[in-house]
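Multiple structures follow.
There are two complexes below, and they share subunit A, which is joined by subunit B in the first and by subunit C in the second.
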Partner chain A sequence: MSSTLLSVRDLSVSVRSEAAPRLLLDRVSLDLGRGEILGLVGESGSGKSLFCRSLVRLLPSRALVIDSGTVLLEGQDLLQASEADMLAVRGGRIGMIFQNPTSHLDPVMRVGDQIAEGIRFHQGLGKAAAREAALEILAQVGFPDPKRQYLSYPHEFSGGMRQRAMIGVALSCQPDILIADEPTTALDVTIQAQILRLLTEIRDRTRLSIILITHDLGVVAQTCDRIAVMRGGRVVEENTKRALLAAPGHAYTKALIASHPSIPARLSPVTTTEAKAASPLRPLLEVDDLHVSFPSGAGLFSGQPRVFNALNGVSLRVMPGETVGIVGESGSGKSTLARAILGLNPIASGHVAFEGSNLATQRNATLAKLRTDAAMVFQDPYNALNPRMTVGETLAEVLRVQNKVQPAQIKARIDELLDLVGLDRDFATRKPRSMSGGQCQRAGIARALAVDPKLIIADECVAALDVTIQAQIVDLFRDLQRKMNLTLLFIAHDLAIVRNLCERVVVMHHGKIVEEGRSADVFAMPSHAYTAALISAIPDIDPDRPLHALPLRRADSLRGMSSLSLQPST
Partner chain B sequence: MSVLARPAFTPGWSKAFGTNGALAAGSAILALFVLAALFAPLIAPYDPIAQDAAARLAAPSLLHPFGTDNFGRDILSRVIWGTRIDLQMAFFGVVFPFLIGTVVGTVAGFFGGVVDALLMRLIDIILAFPFLVLMLSIIAILGPGLSSFYIAMALVGWVSYARLVRAQILVLKTQDYAVAATSLGFGRLRIMFRHLLPNAIAGSVVFVMSDAVLVLLNGAAISYLGLGVQPPVAEWGVMVAEGQPFVTTAWWVTLFPGLSIVALAFGFSLLGDGLGQRLGVAE
Partner chain C sequence: MHRYRFVLTRPLQFLPVLFGISVITFILVRLIPGDPARVILGTRATPTAIANIRAQYGLDEPLIAQYFYFLRNLAQGQMGRSILYKIDVLRLIGTRVEPTLVLVLASVVLSVLIAVPMAALAARNQGKAADQAVRIVSTLGIGFPPFWLGLMLIIVLSVQLSLFPVSGYGNTLADKLAHIALPSLTIALSLSAVLTRSLRVSMIAMLSSDIATAARARGMPERIVFWRHVFPNSLVPTINLLAVNIGWLIGGTVVVESVFAIPGMGQLLVRAIFSRDYMVVQGVAMAFACATVLVNFLADLATVAADPRIKL
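Entry: the complex of A and B
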């Protein structure tokens, strides 16, 4: 790297609590060269974000204190700088973008004005000049019609466009360094690819240095020059991208690389040859031309309520013992389908039949059947469990209400369920908030299993978890599927996970199924353009298999008009 | 994995209060009043309604630490006995509105639609009347006395609880664990009262404490107007009212019962703050 722009030495941060102070960052030393992209990888709680916030002295809590170290930005020690000097550094020299652009953009201020504000503050330009500069930046970050989008509010944009706007705000002050904290985690893969491409382009054009925080090794493999792996507040390994990925030195780095879903699975997807031989020919679940629509608010004077069609004629058959993955981007109707199957959403037209009984015609009988033979696992593990109840109480309640075991055997059954999902038996007395995300998700799966279901619908159940935990949960599903001959409907936006777990895959787009088939076939030879786009946008951990980002306009036309509206929505 | 699970929550005295000074102080003040109420016959030096014509309007002295009123009754004893009535008023004046309000709020929030619209309009109607005017007219119809006061409180006071709980339920019923409960075949009553209400109630529990203060002041006001506790029973509000003609000459007649009201109210509000912190409402 040409010249070192930022040099961090022995940065330690600890939290002051009544008990002993706890070290959160332990002598972290890193360098960032001009025009370099440094990837900071690690799981939640490893101190990635805290490190970046410490650089600009914006610690999230008063209890946190920077103990020691130096942060030299071209010779100036930021830890010693006065608060007034820091104002010029924040934004002016070090810009930041975050995971959730929605909460970091001012909702009542026009996007263009938010960019112009920074320009006026940091560069002292006049109103008209700042406006010109802001328009230029909007064009730079890929807005097709800057004049028009200057006047838009954040809520008029899609997630990807908002992230572009936030990058625009960060760039407005011409910083030397951009800290990007999980900038693409909340985005769909195709949009993620666009944003990553944008960041590298900006770097190439302006020699901007970027610190990219992410938990996805695939993302760093595609964009970064150098990678630092963090764990428990320390940098455990740091090297150039290729060297680190080719020859990881630390055991944790090896584990991270091994658990990346783009690594071909050692285990092939669950095959159900035995199950198929034994199973009757009747499908467990049959969905036929299903339509679901939601009212999307009537116009103020038009009177006619408008409807949004979440599902447009979906047909699907699931055989007993099958593992079916449903993939698609946010808004494609995956979750709506899951809820409609379980009778949690009203159906506009079409049929859902579970074990031969029809939800539309024999609603009550089918619902009763669904409640005792099907269960759901949710995305946010903390939100899916009643926070006031212990895991044991939660499980016991299901067992009691469903009346499937004798009251005397409830205790034993709870132990059995906890064993099945790999939790210690004493977790029965714990409440969700005293457990980690992965443990909570296991408890959620135990609750689903308590029903003794024939069908489990898992709705994005690993999306909120760290990669290594994701791998564990996927393994758990694979195990359970094999042991109990479960039928699994696995909904995910992460195609790589579906490829590893599911034998059959269904691709959804705008409330329709665009492609369906055996996972191996679909991933190897996608027949629909949308599937192909989805697959090529997965960041591969191999840096020599470059990210295939669709050019913006083509991606838009592919996505159609609804979710990624560049024009203010009407 | 890097996130170590926190140890399981252990209840206990030190854990319950911990660094929560407001909760500890509020509980202590309230405990003091409860003890005074329980042991009133033992603590009070005199009979609260025994009159002593020789010692009318006596200033505080060793014999009568808080002085005496215009009938020569010992104010300290009357304050101590009054604790019984005032605590009772605070309790019953809050508990019925709380129960009615949480149930109505839960039902309205859970079912939504027509049920919700009807209940909310009923609340609007009640809120359309000035609070005290409505209370007074109800008590006027039922006749003066404490039970009338409780009934009036129950009829009028539940609306705030209903609105608080309803707002919470509206949010909570879209949470995954509520959807999960439905998908597991749980009945509506179970979902409403076992899964939603316990998670929705924290705000109301905190509000109970500040509401108790208001009820106390209301009760005092109603008694002051002669519609609540009837003489010669000792009640702080009545005592303040009775001392009013002598405020300039015998300040102690109004000061000590007044201070008691303030102290108890202070205790309740500290307890409310502490509970809020404890239940995670304040943050």
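Entry: the complex of A and C
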């Protein structure tokens, strides 16, 4: 680290409410050197994002006020600067990129124009010159054909390309500091690796300072120089990366490191040999050469309506009591498979058999069986619960419809379910609004368990949760699996979690199963190149196990661009 | 441009719509009590005279046959002869299209010119006095019936201040615009109120959107954030609202043209109904229906142009 570029001292922010004002940032002090990457780690609500918003005085709500502190950017106190001066600072000195490029890019404006906008404003260039500069930036952030992509709209890009565009927009103003707020959380691992590499490359080339906000310690370990851990609006610990990861001082940091699901698992997957021995040999679920396709853009003049093949001949057998993980990037067909198994997607050809009854030939009978013996847990725990119903009402509804429990026993069964998922019994009277994400997901799992299912399909059910909560939910599944001999189909893009939870793993790519086997074997010795690329792209918490951004060949052109990435050609 | 492919396919969907409308107007007209022959000949007409007139216009045939003739004429681009004016219905409508078209266009342009600045003023000062004022004015605009507003405007601006002609329609362009000013203002006052409210709500939502945050984070002044990012992104819902309202507006010309004595299609329709001039009523109703369908088609086009994500 060299000279200090940004120096924050005792920054406090509170929210004004009818009751007493609540302190959201409590005397936060941090320094950022030129060319340094500072990782800001913590759970949702810890104040990471708010801290960064406060630096440029763009608070997300009018009820928030900066109480005290100084933010010195090369001697200039940003908290005292005039609003006009701040316009030059925002973008021009401190740029920002966000977690969700889809919602932060203007959907009705061409990508190139959004980049040129900042150039024209901050550097005062004319239209043609700004266009040239924007084309240059597009090439810098890894767009293979800048002239074409200049004219594209954000929705025409894949998630990774949108984040590249967002980075391009931020770089266009030539800032000294880039604040990256969870820039890779919404991306697939391989794309995440590319974006992280892009950021470090830009830093190396331009001496840009970066504040990287993330909840993933692996990301920090791979990219940052220094780490600050935040909790409850305070910096609880701050140190250089290696020192902090090797010897965490604060209890919370220790918990954070312990709950990080790195690939060399500390927890071995559950061995359900005894369950297997007890179970009959007939598979609970059998998927045979399943094809699912969706129409994509009916052709008026081109004759044949085009179809997108979401599943291309998938075959899978799941034995009772088994825990099978399905991994793959977005668009690989994981969720389509889950929905097809439950009869929610029309099947083009092939068979799904649940307990021997075939979904294609005996549709109604099989659906009835699936509805009573299979259940699904969803990704977004909050929106999957009816906000107007209490947890108890939600559970009672399922129990009444399923008719497996006597009406008089419903109350007792609800208590039992809540005990099972580790929620206090008085949660029966609470509504989702007053519950945290983890508590909502527990309620969602309780709802799935209410039908007393033989099969649970969990679709990315921990993706939206904080790491420490993720670990708890995974533990809960492991527990339930052991206690109830549940069959679990666990869909996730996070390979490390699957590695920890599932005994068997299925890797999907482009609607096909490219590899399948015991988790330990697959992760230790992937036989398919795609699996190897996926595994090597996971940011490990050990900084000495470097990140590989392997280029992946992809068929479709636009998504293919992301794999061309920034190969260090120089 | 595959996004605009619907320009070619959509008109095919108009056919069943227009067919349905033809059935409904045909039946509705004939449900009105009374008989065109009686209206023309008066109460003392002899039964033979009435029968003659009825035969002349084919009114003595069964309803099914009459409808069949109506359809056959439509297919040939004809709408029959007016019983009252004694000329071809299509030609009759042709002479009345211009005032109505000018009236509708002027009203829409005026409404947009009022609504956009009002909504912007309110949204950018949300909760403050300007916002409250806009909300009160727009609530009043929705609340007052247009015909009453029209009469008030005539009394104040025309009768007392002599700024505009009281009624009628002019010959030169300037004269025509002067005559159309009050009626279109009448319509615009209530239409702009609806648009303002819709636009204000979308603008407020967009002002706190991620798009606006990102624009502010790269140092764009609030003026640019608003007009370059917030405004274009708030348009789509309002375009659709405007299209629905133009549909109402076309029907509404019936009232406004009567109040201001404008010789347009609305006025023609009223006269035709009173004299049971079946052919004209059918013709004008079909013309109004076509116009409404066309407006919605144009709104679809505008939506696709305004938001590159939308495919129809």
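Note that in this section the second predicted complex is superposed on the first by the 540 of 570 C-alpha atoms of A that agree within 3 Å, B and C clash if a C-alpha of one lies under 4 Å from a C-alpha of the other, contacts with A are read in each partner's own complex, and residues count from 1 in each chain.
We adopt the following convention: contacts are C-beta pairs under 8 Å (C-beta built on N, C-alpha and C of every residue); 3 or more make two chains touch, one makes a residue touch a chain.
Treat the numbers as computed from the prediction; the structure is a model and nothing was measured.
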Combined model on subunit A where subunit B meets subunit C, clash or fit: fit
Partner chain(s) touched by A:Asn386 [first = subunit B, second = subunit C, both, neither]: first
Included angle at subunit A between vectors to subunit C and subunit B, based on C-alpha centres and rounded to the nearest 10 degrees: 30
Touching partner for A:Ser436 - first (subunit B), second (subunit C), both, neither: first
Touched partner set for A:Gln406, first subunit B, second subunit C, both or neither: neither
Subunit B versus subunit C as contact partner of A:Ser46, first or second or both or neither: first
Contacts of A:Gln76 with subunit B and subunit C, given as first, second, both or neither: neither
Which superposed partner A:Thr361 touches (first subunit B, second subunit C, both, neither): neither
Superposed model, subunit A: greater residue contact from subunit B or subunit C: B
Distance in angstrom between the closest Cα atoms of subunit C and subunit B, superposition on A: 6
Subunit A residues contacted in one complex by subunit B, in the other by subunit C: none
Residue ranges of subunit B in contact with subunit A within the complex: 1-9, 19, 175-177, 179-187, 190, 194-195, 198-199
Residues of subunit C defined as touching subunit A within the complex: 2, 5, 8-9, 209-211, 213-221, 224, 228-229, 232-233, 306-309, 311
Residue ranges of subunit A touching subunit C (in the complex, touch as defined): 56, 58, 60, 86-92, 95-96, 98, 100, 103-109, 117-118, 121-122, 153, 155, 166, 169-170, 172-173, 297, 300
Subunit B-touching residues of subunit A, taken from the complex the two chains share: 18, 42-46, 231-232, 339, 342, 344, 368, 370-372, 374-376, 378-380, 383-388, 397-398, 401-402, 429-431, 433-439, 444, 447, 451, 466, 468-469
